[in-house]
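Right after this note come the structures.
Heads up, the next two complexes both have chain A, just with different partners, chain B and then chain C.
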Partner chain A sequence: MSQAKPDKDSQASEAKKAISLPISRVKLIMKSSPDVSSINQDALFLTTKATELFVQHLALTSFNNGSGREANTLDYSDLAKTAEETDTFHFLTDILPKKILAREYLKSLEQMEDEDADF
Partner chain B sequence: MASSSGNDDDLTIPRAAINKMIKETLPNVRVANDARELVVNCCTEFIHLISSEANEICNKSDKKTISPEHVINALESLGFASYITEVKDVLQECKSVALKRRKASSRLENLGIPEEELLRQQQELFAKVGFPEGQRCMTGCGGSEYTMADGDEESSIYV
Partner chain C sequence: MAERPEDLNLPNAVITRIIKEALPDGVNVSKEARRAISQAASVFVLYATSCANNFALKAKRKTLNAGDVLAAMEEMEFERFLEPLREALEVYKKDQKGKKEVSEQKRKDKEKKNDSENDKSREDEEEEEQRMEEPEEEADEEEVEN
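Right after this comes the complex of A and B.
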């Protein structure tokens, strides 16, 4: 008569295996997009999972294409390179300012100051 | 950590979740801190990208709510078609989990006797054995134990 099956536990772990990112946070981010009004719950699941796959995809691709491969490292430049070179990741170039060496920056600053001084 | 201005643009996926995923995808790889930070921001960017595209598709279809179909079409048109199969599978799994949960809870309700019924049965029994109505004692485990002194015998009734 008694149901000894740990229903709750197996369901929770099934759901855990399926999606690891916080769905509520994804929803908040989606809603902060301009013009987005309402999102169906299933559409939310899909987007969350897609974001997970994206992270894995980005990390793997960057690692494989990057210069850190021999040293078994992944750094900023690997990611920036992948965004530049891979079509699907090209949308990331907006948020990936190319890092320049400090001395180059200082040099360009000096140049700007010189130009101002010409007045 | 969180800015007090409450700016929408500061919303990101928690760093810990991203770190965990990176670790699972690239075990034993040393990942620079600024690279991790970047991945966090890329996530937000990706979500905006998908949302905007899905939203556009949704608007064109004269529907008000973004549906799974819209998201799938967005993935396709943005070059992420390779995600579609796995994403669909997960949706199926989430749905079946939710369905099982609903079935399980309705099953329990039918098997267990609701409390009002239990109380009613209790009253009936009291009436039969001559307890004054309104007197009852319930033990903590949900059952009730009554002892009746009836001449020589002591009998217990469990309800």
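Right after this comes the complex of A and C.
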């Protein structure tokens, strides 16, 4: 059926009602960027919607590639793995650093010192 | 400008709900993972804003528009978002237009009513309209300042 009833149509759009994140908060984050002067309403809406899509995409990608799939869990390590391994999520590596054991960290520090000593 | 750093966080309850809706039923998402996704979302907003702003600057515009955001998505290699975004924007615009028409219709109806009734209710209506306009004006000022 190509002709949707107007009533049903408006109900569907109401249900999809596009966004659940607060636009005002997204605007605040956008405005915290110093070189942004103003943002029109459509751009604000699109950024908010895109952020929701991003959250879904990040969660699902991390779950599907993660180690907790059998256990039905999503953990920090799955997200860090996604940030490291997936190109589009690479910009997240700074805020999603891979966690390593203190023991391993000390070892890598020692190695770095050894390398410095070579000079 | 944000006054407190926590103003730059997105509400946890909403983020949690979006995550739950994206994943299969019954997946347990750790608290740490939820916090990390929320932070990632804030960073995404900043990254997208910066990309979109570059497009606006290139076009010598001061105001970010829908095209800038869509171009930013492409640049960030989130092409998969383009189609759903375009659809959502269309629905949103329709809704906005619909709302405007409805409120205009209501105003006309009210005016008609007021013409036949006494002037008391008209004053009330005008007051209400002023109150509704105020927040918008504030938002505009804010945009000019920055």
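Structure notes:
Following the convention adopted for this analysis, the second predicted complex is superposed on the first by the 86 of 119 C-alpha atoms of A that agree within 3 Å, B and C clash if a C-alpha of one lies under 4 Å from a C-alpha of the other, contacts with A are read in each partner's own complex, and residues count from 1 in each chain.
What we mean here is this: a residue touches a chain if its C-beta (ideal position, glycine included) is under 8 Å from a C-beta of that chain, and two chains touch if they have at least 3 such contacts.
Since we're looking at a predicted model, the values are computed, not measured.
Once the two complexes are laid over each other on the shared chain, residue contacts for A:28 go to chain B and to chain C alike. By the touch criterion defined above, A:42 lies against chain B and chain C together after alignment on the C-alpha atoms of chain A.
Of the two partner chains, chain B and chain C are each touched by A:91. With both structures placed on the common chain, the touch criterion links A:54 to chain B and to chain C.
In the superposed model, A:67 lies in contact with neither chain B nor chain C.
Residues 18-22, 25-26, 28-30, 32-33, 35-40, 42-43, 45-47, 49-60, 63, 72-76, 78-79, 87-88, 91-92, 95-96 of chain A touch chain B in one complex and chain C in the other. For chain C in complex with chain A, the touching residues are 1-2, 7-8, 10-11, 14-15, 17-19, 21-24, 26-30, 32-33, 36-37, 39-50, 52-53, 57, 62-66, 68-70, 73, 76-78, 80-81, 84-85, 88-89, 91-96, 98, 142-144, 146. Within the complex formed with chain C, the chain A residues making contact are 10, 13, 16-22, 25-26, 28-33, 35-43, 45-47, 49-60, 62-63, 72-76, 78-80, 83, 87-88, 91-92, 95-96. The part of chain A that touches chain B in the complex is made up of residues 3, 7, 11, 14-15, 18-22, 25-26, 28-30, 32-40, 42-43, 45-47, 49-60, 63, 71-76, 78-79, 87-88, 91-92, 94-96. Within the complex formed with chain A, the chain B residues making contact are 8-9, 11-14, 17-18, 20-22, 25-26, 28-32, 34-35, 38-39, 41-52, 54-55, 64-68, 70-72, 75, 78-80, 83, 86-88, 90-91, 93-95, 97, 100-101, 104, 108.
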